[in-house]
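Chain IDs A, B and C follow the sequence of writing; residue 1 opens each chain.
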Amino acid sequence: MKSLRIKNLKKKFKNTIAVNGINIEIDEGKIIGIIGRSGAGKSTLLRMINRLVDPTEGSIEFDDIKVSSIKGRALRKWRSECAMIFQQFNLVERLDVLTNVLIGSLGRNYNLLNLFGIFSKEEKINALKNLDRFDLSGIALQKAGTLSGGQQQRVAIARALMQKPRILLADEPISSLDPKNAKRVMDDMLKINREDGITIICNLHSLEVAKKYCDRLIGLSDGKVVFDGNPEELTTEISKELYDLDNE
Amino acid sequence: MTDKDIMNLHPQVFYPLWKRSPLFILTLISIFTYLIFSINYFNFSLNDLLNGFSKMKPILISMVTWNDFFTWNFNSILIGILQTLSMAFLGTIAASIVSIPLGLLASRQVVKISLPRFIIRRFLDFIRGVDILIWALIFVRAFGLGPLSGVLAIFVADTGTLSKLYSEAADNSDNKPIEGLVSSGATKISTLRFGLIPQVMPIFISQSLYFFESNSRSAVILGIVGAGGIGLQLSERMKAQYWDQAFFIILLILIMVAVIDRVSRALREKLINE
Amino acid sequence: MSESLIKNHNERLKGLIRKRRFWNIFLSIGILLGLIFSSKIIDINASRLLSGLPRLGDYVAQILPSLETNSLFLDSKTEGSISYWYFNLPKYLHLLFETFNMALVATIIGSSIALFLSFFAAKNTAPNSLIYFITRRTLEFFRGVPEIIFAILFVWALGIGPIAGIIAMMLHTTGSLGKLFSEVHENSDVRPREALKASGGNWFSEMKFGLLPQVLPNLISYILLRFEINIRASTILGFVGAGGIGQELYLVINFNYYEEVSAIIFLIILTVISIDILSGYLRKNIIEAE
């Protein structure tokens, strides 16, 4: 059985339909790239999986969790299993790197002391280990705001790992990075996919990167799936259509 | 890497809390100690407080039960409000007029020598150090009870603050037009008139408007020391324990202040955009 | 082509000047009408002003101390010395200390309550719009009513003394800081909070880690500013019996203890200015530490 099942998913905002009936099923342990123009509904799709955005219609299920309808504690538990990283990294810039990583554990293992900035020794060791995996333990005590974009995104990945997630959603993770840093971030994601078996669903603007790293590509256009298959199957015609290249 | 190695990377992370953020702990402790000290200092007792609050219950109830509403003296209330607004208006206008020369004299752009500037600034600090209510009390002594003392109190207190704000606006003005005029051989006066004033006038006006807004608030309380206006009506009713009427006046004051806020904000935005 | 451009430009310039002129005239007429109207209401006239001025001069002359240069530093028994003027200094200092403590306690408690309520009064942090609406209106009420009005009420209920003043200032502080804080929250960056939310953090951790680190310097700066305002306020709350040095000032003014009036006023000014300078220095450091 496929672990993540999305059925007839729709999202309407005031005047626009961002996602218009998406059906996909996703295997565990793969890297799935979601491609398409900006405004194609990629970001809304990911946000609905994490439930930052509530779907208007349709359902999302993961194993036996009814993701699209859970509330409260169950929703927070789901969110902690379904980590997310963002185009703008979304770190707390005034806090140090270590605390930013520790924050990732709050959804999974929360206690009142955390609110005073106190974390257990185990979580701290855990956080440092996660940073160390990406060669970031040296800057653990720097303010997050002082880091380069690439470093910030990798800290965000370390934070995501603190959640001990089963899925990682990456919303345009390399769009604000230069090619060198983009490669490092993608390599790091590949690493956690291969070593930890975490499923990754990744919105990507760059086809080249998507083809190189992803096991499966899903092309969206106007909120609908227009392509679903292996990277090799993606022909030039389809990609032209996806990105509306003729009109540019 | 073992846990030990990881911990050795940043040993300070694992220090006890008081060692990691002594400042935070110290602040917490001192605030806590201070609060305990002040409970002692003010002879605070929860019992007295609760007793007092239970005494307030009938007041609160009578505040919202307006039995003889139609017999209230609305005329005096209306006059009180008009007086308060007039006090605020006259006080602000007078203070604005006096603040233009004072503010310019206290500005770096106008007076290059620092001594007179220093003296004016300290004088303004002095005026600002005295609360408007104290000024009102003094003027009531000299001019007698009534709104005239209120106008003067607003005038003096605002001169202190407005002049300072005006001088800061002049300090922050653009130097280029002024230099242009100086280089073309203009006199000092015409440099000010055509180089500086056009730049700062909109700021001055918008600040005065803002002060009119805040004065309509402070003019309210001047009546408490006898300087007329709605505050007088309010404090008389509170003294006589007509809580229903007092609360009605408080609501009127809130509405009045909100309306003035709206109008003045709209005007200020218009002014800045023009 | 260029002619029409110039013409166009001239037209626009004329329009602008016309608009400006309109505004100037509008403002002038408004001010003139306001002046006429309000002078009528207050019954202000030159003769009243002129007859009051000498009395003001007399009064100021009376309250100023008669210091004499050759006995300036003599003991408090000699007229003309500073210590004669300030013979009551220990009492003043005691009252000033009380004033200071009233302001500080009211600021600490008031800003704590304000911080708590501000989360419910900001659009982007309130749990729902009903709570938002209620909290907002409550804060506006406490902000809108001057503290001295509250002080009158609490003096009536709790008796004469500083507690009434502290509670009055506390309520006003809660109202105005609560509103300011909620505006700071509304202007904060939502992205860090979004990350917290997306990782399953609850509302409390979202506020503590996603919001507070961003807004804290601003909040502290506002608290210091409020402390300055409260110091001023606590010097006058005594007029209605709510403690502090104002009570003494009210007394000496009403009983015409002339020289003591200036003695107290100078002390108040000194206190207010030193607190302003200190707090201004702290605020500047907080902003620069960013």
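By our rule, a residue touches a chain if its C-beta (ideal position, glycine included) is under 8 Å from a C-beta of that chain, and two chains touch if they have at least 3 such contacts.
These figures come from a predicted structure and were not determined experimentally.
When each chain is reduced to the average of its Cα atoms, A sits farthest from chain B.
Remark: among chain pairs B-C and A-C, B-C carries the greater number of C-beta contacts. Between the CA-based centres of chain A and chain C the separation comes to 48 Å, rounded to the whole angstrom.
Mean C-alpha positions place chain B and chain C at a centre distance of 5 Å. Counting only residues that touch two or more partner chains, chain C has none. Of all residues in chain A, those touching 2 or more other chains are 117, listed in ascending order.
Against chain B, in their complex, chain A makes its touches with residues 98, 117-118, 121, 124-125, 128-129, 132, 137-138, 140-141. Chain contact summary for the complex, chain B toward chain C: residues 31, 34-35, 38, 41-42, 44, 48-49, 52-53, 55-56, 59, 79, 82-83, 85-87, 89-90, 93, 125-126, 128-131, 133-134, 137-139, 141-144, 147-148, 151, 205, 217-218, 220-221, 224-225, 228, 234-235, 238, 241, 250, 253-254, 257-258, 270-271, 274.
Of all residues in chain C, only 19-20, 23, 27, 31, 34-35, 37-39, 41-44, 48-49, 52, 55-56, 58-59, 101, 104-105, 108, 140-141, 144-146, 148-149, 152-154, 156-159, 161-163, 166, 232-233, 235-236, 239-240, 249-250, 253, 265, 268-270, 272-273 touch chain B in the complex they form.
Across the interface of their complex, chain C is touched by residues 50, 52, 76-81, 83-84, 86, 88, 90-95, 99, 103-104, 106-108, 110, 114-115, 117, 156, 159-160, 163 of chain A.
For chain B in complex with chain A, the touching residues are 1, 3, 6-7, 9-10, 12-14, 17, 21.
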